[in-house]
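Both complexes below contain chain A, partnered by chain B and then by chain C.
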Partner chain A sequence: MITLRSLLVPHRIAMMAVFAALVLWCAYALRWDWIPKYAPLAAEGIWRTIWILAVTSVLGFLLAIPLGLAQAIGPWYLAAPARTFCTIIRGTPLLLQIWLLYYGLGSLFPQYPWIRESELWPYLRQAWPYAVLALTLSYAGYEGEVMRGAFSGVARGQIEAAQAFGMPRFTMFRRIWLPQAIQNALPTLGGETILQLKATPLVATIAIVESYAVASRVRQDTFIVYEPLLLLAVVYMVIAGILAYGFRKLEQRVPVKGH
Partner chain B sequence: MEQVIELLSLSPPGWGGNLLRGLLHSLEIALGAFGFGLLIGLGGAIGKLYGGPVLRDILAVYTTVVRAVPELVLILILYYVGTDLINKAAGAMGYGRVEISGVAAGIWVLGIVQGAYATEILRGAIKAIPIGQIEAARAFGMPPLKMLRRVTIPAMMSFAIPGLANLWLIATKDTALLAVVGFNELTLETRQAAASTRAYFTFFLAAGALYLMVTLLSGRVFARIEKWARKGQPGHRRAGA
Partner chain C sequence: MTEAIATDRNDPAAASAEEAIRVEDLHKSFGNLEVLKGVNMSAKKGDVVAIIGGSGSGKSTMLRCINFLETPTSGRIVIGGEEIAMRADGSPASRKQIERVRSRLGMVFQAFNLWTHRTLIENVTEVPVHVLGVPKAEAHDRAMALLERVGLAEKAATYPAFLSGGQQQRAAIARALAIDPSVMLFDEPTSALDPELVGEVLTVIRDLAAEGRTMLLVTHEMKFAREVSDHVIYLFEGRIEEQGPPEAVFGAPKSERLKQFLKSVA
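Now for the complex of A and B:
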């Protein structure tokens, strides 16, 4: 991809110099004195962003496997609900889904005494279960569609070979079908995970203090507008860069013919 | 059930009218942003393919940054930058503070986001055109703009439509993000209706149904457009494959 040699072309050196000047100008001309005060909160926010991203992506992916499988080979009574679920999730804005779950379920639950008396109630009164649920369902909806294609894309001969060896169905799924489907889907999964990262700031609207919420808080407290937002953009770019790098390494673990 | 119908009725005690007005605003912004994004995308794609090294690098930075930073953050940054710039310009020309209409701000902000995705889609589509077609146009000495209008754009349409259909769906869904900056589109109207009547499920489900309707209808329309864009092409590409 990017090599040192490709960076050392005259016009790129000039552009990097301009960029460095811009960064220096930002460092001197803009106000950064709020950082020490908000640094602990910001660290907590970034950590929470990463935590939400990791949990919802993993749970969402686990949910996407049956969704994809149902659509790829399931009988109609499994395929139809799975397809409907994916269509609904992909056809409505995530913000609306988050608010539907948080405000809708949140206003419904207290009406039932047995929920209020249950052990789960202290958790159900907080915002994060709804945030995790909404983001998980959203990731599952988009990924279910991806996995459907990935499952259908595994070469027929692979499965026939496994059957010829008399492999039990579940072993075949675990050892042959699923790993190849995931390998097929990896490039898309990487992109979708970055989209999921970009979706996490939406949970700030239901009072979860992740990195976006910290930046908004700084803006409200100090009336400094651009600096926290710029820093926030950089934070997201760094996380997105790490994700892209990680997924590329994962993809490269399996050599592809002819590349 | 009766209560639900009453809440959703179009005349004032019901909130249906507000929801439909919100939907109209959302569609207005989505259409505007999609169009603005297409213009940026066309320019960006041509710049990336035929531009000089500096222009290509700048466009690469633009598409990378926009695709890595959350839309919500970009919307806030672009919103403040846009209002600041316009107020500075108005101040320099001797006018007072200018109130910026929500629709214009929404189109500007989402258009720039859409432009980055459109650039990549159109670049891919232009590259997919068999090179002979463009060479033929050049061989006849067609001027560049005419070639763009008569050859490049019609020939790339069939390659670009699936990606653009996706982009349009993203545009309609991203309008919901403008609720966060306080613009009265469908999602914010819904939230206001829900908060003042306490009927959260009714209104959020109704809004969800409206969004879903738009999505499904758009799918139909784009399938039509794709069929139209493919006419005259050999039938080796199955529709939907």
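Now for the complex of A and C:
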């Protein structure tokens, strides 16, 4: 627990002084005059980073539940494809996956007239559906593995108690098994979601203007290199901090003895 | 393997209105190991049946076969006059039926098995609300009364991990009572407890016996079994070696094995 008293010890005061000096030096010695001009674009980029992260994490997690379940208790014809999917996703670079989907799928679609004429075409011509798909599949692949372990890790007695009281299978899954598996997985999921955040700049390579792409734009336009990158680092750290805090709050909903 | 009966036919001649549980020719094998070798027993409403026996005698397995937590290899299980339909492999033939029957059997486990992600009160209301469809407010009031009864009202909002074993087991009994069970099944309810915590759990069970609840009690507590039960079953290697009223079984055992067993646990 951080208290004011615990902060007011010599080595911490010294560290804070160094940090404050560093911030002040950055503020005065570096160039920040480009900010007003690029602020609207930066806000848009940050917003895009956040929603890409949110959408792909949520969708990816929803996919991870059946992927984990299939591997934990599924028959072989469900377990094998789920395991294969997770292995391929986790065994190949995300950048490659993004490019394969965008350049591969994206150039395959226009060859079919019925796709070009479909209602979806205006979206399929853009880059973001491929970015969202790639990041979603990636998150699902990693978290499918996490959920496999989390489902297997729920104590047998917890399930048996539900069975003994005649709980129907789906109710048991929804009320007992899934919440306990998620609770077990939360510390890992928190870390993985932060990794997912830091993977989002890769979609800049298929021309999606998120936070990183904005920093690149500033560099190209103004030849200012470090300042946009420093600010970008701060942006990611703030989002990561908020995520870490949020996950910790979620974990604490069920208190653990000894904490 | 003997032939399994796969019908939902009830036997009106054998099933009087007073009968709570009947087990006929129950066999159970784990692989090549036959744990139950043809057990027959029955309990009337209000009976307290104690099941005793050494470790590996099959007493827990028998109890767990009654609500099909273990799948019997063969035999018949009749609960409240309703026979549980079995497939040839012994698994319940109708999920609906087994779920309905289970929701009337209050199981208490050796390891408590309270749901760790829910507070005590949530543990007690879980089945009434989400299985039996009792309105939340009503279930909550009943759950509070039950926690009060087992002396845990002030712990209602606590998570199981923060309680002693004795407290957890008392809460688990409250959870089982919350479904207003026709039969309570106790699977060695005090075996996982520190010695000084056994008494508080036995007190709760004794109260239930006194109010005329039908109970099957697998236990190592011989003095307690003698005190609360109407009928005692001694299992040895998957068979009923001896049974009878507690005075007879404990006071004047006939079987050599039972005499040996009682000497060894005394």
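Following the convention adopted for this analysis, the second predicted complex is superposed on the first by the 253 of 259 C-alpha atoms of A that agree within 3 Å, B and C clash if a C-alpha of one lies under 4 Å from a C-alpha of the other, contacts with A are read in each partner's own complex, and residues count from 1 in each chain.
Just so we're on the same page, a residue touches a chain if its C-beta (ideal position, glycine included) is under 8 Å from a C-beta of that chain, and two chains touch if they have at least 3 such contacts.
Just so you know, these numbers come straight off a predicted model, no measurement behind them.
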Considering only touches as defined above, state whether A:Leu96 meets chain B (first), chain C (second), both or neither.
-> first
Kindly classify A:Val132 by the partners it touches after superposition: chain B alone (first), chain C alone (second), both, or neither?
-> neither
Which partner, chain B or chain C, touches the larger number of chain A residues?
-> B
Touch check for A:Val214: first (chain B), second (chain C), both, or neither?
-> neither
For A:Ile65, decide between first (touching chain B), second (touching chain C), both and neither.
-> neither
Just chain B (first), just chain C (second), both, or neither: which does A:Ile52 touch?
-> neither
State whether A:Gln183 touches chain B only (first), chain C only (second), both chains, or neither.
-> second
Pick one for A:Ala42: touches chain B only (first), chain C only (second), both, or neither.
-> neither
Does chain B (first) or chain C (second) touch A:Pro201, or do both, or does neither?
-> first
Kindly list the residues of chain A that each of chain B and chain C touches, one partner per complex.
-> none
Residues of chain B touching chain A in the complex = 53-54, 57-58, 65, 67-74, 76-77, 80-81, 169, 173-177, 179-180, 187, 190-191, 194-195, 198, 200-201, 204-205, 207-208, 211-212, 215-216
Residue numbers on chain C that touch chain A, as the complex places them = 67, 69, 95, 98-105, 107, 109, 111, 113-117, 126-127, 130-131, 159, 161-162, 179
Where on chain A is chain C touching in the complex?
-> 155, 157-158, 160-169, 171, 175-176, 179-180, 183, 254-257
Interface residues, chain A side, partner chain B - complex = 9, 11-12, 15, 87-88, 90-97, 99-100, 103-104, 106-108, 194, 197-202, 205, 212, 215, 225-226, 229-230, 232-233, 236-237, 240-241
